[in-house]
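Next come two complexes built around chain A: one with chain B, the other with chain C.
Moving on to the complex of A and B:
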């Protein structure tokens, strides 16, 4: 029998391939290593990220699902809750105890109940509704609050870039 | 490609240096002396030696590991830099013994160290990959054998040299190889645990526990080794600065392992004493997938006070991190629970209790006797009125005594159905006499409390039987 983390990841992968949620594709980059996944997320409709296809990398810890995975977009992103290097900052990716922004209640933190699918769905809703209180990217948060038009323009440029359309 | 170029240049340079020396001196011995006396030639020879070591390393890596994964490579680089810095620090302590042989020994040590790290990473990888072929096992086993034998040889060599020739730099080597040997043993134990788990059909629940204890014992041995080394070094030479960083990490890891073992023990203890096993009905009642591992639950499951069910093993590893329910985040451990347990709880776990067992049946069920009482015998009514008082006493009593143990649920935040409601006592209403409430769990009461309860209970039962007999008599009389 393989390790419990590996078995759970395989179960989640199976689940995701059998019943894929809309607008999300995810799976291991390499079948030999189930602890590194790649995900493709389509920008939610009716938002400034609509139409974009955003690649991201998920890195799972050896003790998954007791500890949360890390998620990092591998394309350029401009969003209040995504660091400049693409790392995603949402509360369900933080283990209770560590609190980078100092405001999250433990009720919305990581627990084994969460899954890859839930993380990706949360990220989709995060793309639709940024939380500008926890600025991982302060410039983006400020622009989102004060100059929405400019923000939308940048988002549109990023969307075009992910699709390979010249801007 | 670059490496090929560099090694080619180096070989060319070495050839030139040797050819030049031989051309000038014409004989073997003078040319060797010439090379060793000339600094630029020696530099070239050192470079060549370094490249040879590097190439051998690459070859060995190919043989024992195949392709390195990115994370392994990064890990190796990171650790190498620290190790090289520390080796340079160690040179300063032994600057008097500094000679090519000494450098060669340190290089060999670094070389072997890097293979230990790689082996460690590779064995950890077993947990992560679904595909482990026979080649993997052959490689790991042969590598572990080679490393273990070399470590053992060097430790022995260092020991003999220290005993026969007195303290020298061999002290450092002996100690370093001893540390490496503990590492090799640790890797071997991990490897065997993983392989046993890999070949068993069912998940091996105790693997985590074994791993924890291995970590603890190995950490302890390493801490002892480091401490003795520092003491010896301080007495013989000087403060071994180069050993402080690894020593700090070792002590930190040991502390972590110790904490892990402690938390794990507590989790296991809680599992065994606080939470009931889930019954077959409870498992089949709902969705019986364990939310932690996403696998079906059939046996070995526990139910938390919030009614969520998980595999015992999954829950145990989660409780090492946090003492909350994974689903609803109910805090499982109230501070009072442990004290109560020690005093009152017997060894066996609490039998599972359906949360609704103590809800009150409607008053109707007990109205009939009252009606009869009122109809037939005013005296009976007195008895009846006395009874609620008795019942009340029992209930209050029961509450006071029983509250603490289920406090496992009660002191924690919000168990959805409060397991022990104080029922409203309708003393005023003669038609609604609730039956005495059984205390939630008799096994948690002391002997005196039990006797007290039993005493009043018996009176109740006797009184009720008496009424029933009276009623029977009256009905009998009327019918006749």
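Moving on to the complex of A and C:
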């Protein structure tokens, strides 16, 4: 079924090129390997990540879209739902059944009806509203809860770094 | 107890599957039709003669002989000497005509058989007023048992199967009799092995095949009598059941008539649903294409089954022309081709579930497109520098696309940077 995975990825790439959500870009890093994508996500307005452009890597399984892709930020990130190595922990990237945290509703899980675009939009809203119960980054979660000012400062620094603006 | 599956208790098709047998059937069809017509004429003659025949044993035997010719029934009886005077005859249930055959061998009363008065007098069948109230029926039957010497014929399986296993017996017939004679019935059709009945066949189609095939052989075997004396009802029933099953060399199974009726009901509903959902131009469903449709649906769950099936049919024609020799290629190409056709919008369909988020997707028929319009809320546009990265064309070559991708990335970062600097008034600090 790798052939159908390729075709579907190609269709999604075309869709995301011709009609992308604002502030989002995604596509294969190199078309020789269609299963490795790069994405840029803009931090949503009115949040501490506002204005930042965050690069991430998407890795698709050969049986996509039956299984979800993996997503990992390639820039420095400080967020309750993003591991220190940049891996994103969000329910849409988990197939129903494997629930590492045990409290995600299956409605927002991965299924072939979802798409790269939906994943990226979910990540945008995750940036805006962290889920401080699923502690991929415990320090970030704790700071988000207890010391929002400090958290905002760190976020600001990361945003500036992604834009190449000295802090 | 046997672990036979319920679905194996039925035949599903009258017709054989092996090419040799199909060939034989095709050759036989003209003969079978001629035989059927002759037998029908004889049956009509016989039917009208019964109106004038007197109710006398000598005529009964003639009528039976003629009936057997009409139905192509040949009877082999074994152990007729075991026949005794009993309250009831108990047998397994195989065909619609079991009771007629048994009645010709051993005069008996069959509850539930309804023939018109002429026919029953011609056959010498004692007409029995059938009633829906089981208690009333039991009372009447016990009266008959106590008054007359004629046994009552029961088929406690209640429903017909393909005789692979013996169903659970219904209990009530055994409550009213003390001594029963088990009878094992085996039916076969030598030469042309067409099943007696199928899961959805009715009386008239079963009758047609009786008159179509060369002959139907009944092997009737009278088994030693079983008496209730001193044993409880349960043991009594299982003794009778075991002796029939042993003789037929089939297993006892745990299903009752009600289980089988439920299964048939569900099977027929399923059949009906399949026909209605898969009502394509070809009429019948190709299981291979059905499997492929399911594969496509795994990838594109919003596309209706019909649309996929139709496209796969078209694909098949196309690819078979290209790759007449290689079936594998036909199969794999079709699934991919159909997915491409659907994704590229060559297949028109209505997405199966309407999503609340699809606001501006009128006219688009790709499931991916339908969500594209809903995303602008997440990133609001406030200045002139746009963060919209859309391009009017999707490059034809990988190089073109890659270049465009890199450019758009650069543009997005640049624009975001400009916007950030503007917003935070950092112009003088950084410069440009």
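In this text, the second predicted complex is superposed on the first by the 165 of 167 C-alpha atoms of A that agree within 3 Å, B and C clash if a C-alpha of one lies under 4 Å from a C-alpha of the other, contacts with A are read in each partner's own complex, and residues count from 1 in each chain.
Just so it is clear, contacts are C-beta pairs under 8 Å (C-beta built on N, C-alpha and C of every residue); 3 or more make two chains touch, one makes a residue touch a chain.
Source: prediction; values computed, not measured.
Asker: Putting chain B and chain C on the same copy of chain A, do they fit or clash?
Answerer: Superposition result for chain B and chain C: clash.
Asker: After the superposition on A, what does A:53 contact: first (chain B), second (chain C), both or neither?
Answerer: After superposing on A, A:53 lies in contact with chain C but is clear of chain B.
Asker: In the superposed arrangement, which partner chain does A:69 touch: chain B (first), chain C (second), both, or neither?
Answerer: Once the two structures are laid over each other on A, A:69 reaches no partner at all.
Asker: Using the touch definition from the top, say if A:112 reaches chain B (first), chain C (second), both or neither.
Answerer: In the superposed model, A:112 contacts both chain B and chain C.
Asker: With the two structures laid over each other on chain A, which partner does A:40 touch: chain B (first), chain C (second), both, or neither?
Answerer: So A:40 only meets chain C here.
Asker: Let me test your reading of the model: by the given contact rule, A:159 touches which partner, first (chain B), second (chain C), both or neither?
Answerer: A:159: touches chain C, not chain B.
Asker: Where does A:24 make contact in the superposed view: on chain B (first), on chain C (second), on both, or on neither?
Answerer: Touch status of A:24: second partner only.
Asker: One more residue to check, A:86. First (chain B), second (chain C), both or neither?
Answerer: Neither partner.
Asker: Now for A:8: first (chain B), second (chain C), both, or neither, which partner does it touch?
Answerer: In the superposed model, A:8 contacts both chain B and chain C.
Asker: State whether chain B or chain C is in contact with more residues of chain A in the superposed arrangement.
Answerer: On the superposition, C touches more of the residues of chain A.
Asker: Indicate the residue numbers of chain A shared between its chain B interface and its chain C interface, in ascending order.
Answerer: 1, 3-4, 7-8, 10-12, 15, 31-32, 65-66, 111-113, 115
Asker: Please give the residue numbers of chain A that touch chain C in the complex, ascending.
Answerer: Of all residues in chain A, those touching chain C are 1, 3-4, 7-8, 10-15, 17-25, 27, 30-32, 38, 40, 42, 44-45, 51-53, 65-66, 111-113, 115, 117-118, 121, 124-125, 159-160, 162-166.
Asker: Where on chain C does chain A make contact in their complex?
Answerer: For chain C paired with chain A, touching residues are 295-296, 298-302, 332, 335-336, 339-340, 343-344, 366-369, 371-372, 375-376, 378-382, 386-394, 398, 401-402, 404-405, 408-409, 412-413, 416-417, 419-421, 423, 426, 430.
Asker: Which stretch or stretches of chain A touch chain B in the complex?
Answerer: Chain A residues touching chain B: 1-8, 10-12, 15, 31-35, 62-63, 65-67, 95-96, 106-107, 111-113, 115.
Asker: Could you list, by residue number, the parts of chain B that touch chain A in their complex?
Answerer: 69, 124-131, 194, 197-198, 200-204, 291-295, 313-314, 317-318, 321-322, 324, 326-327, 329
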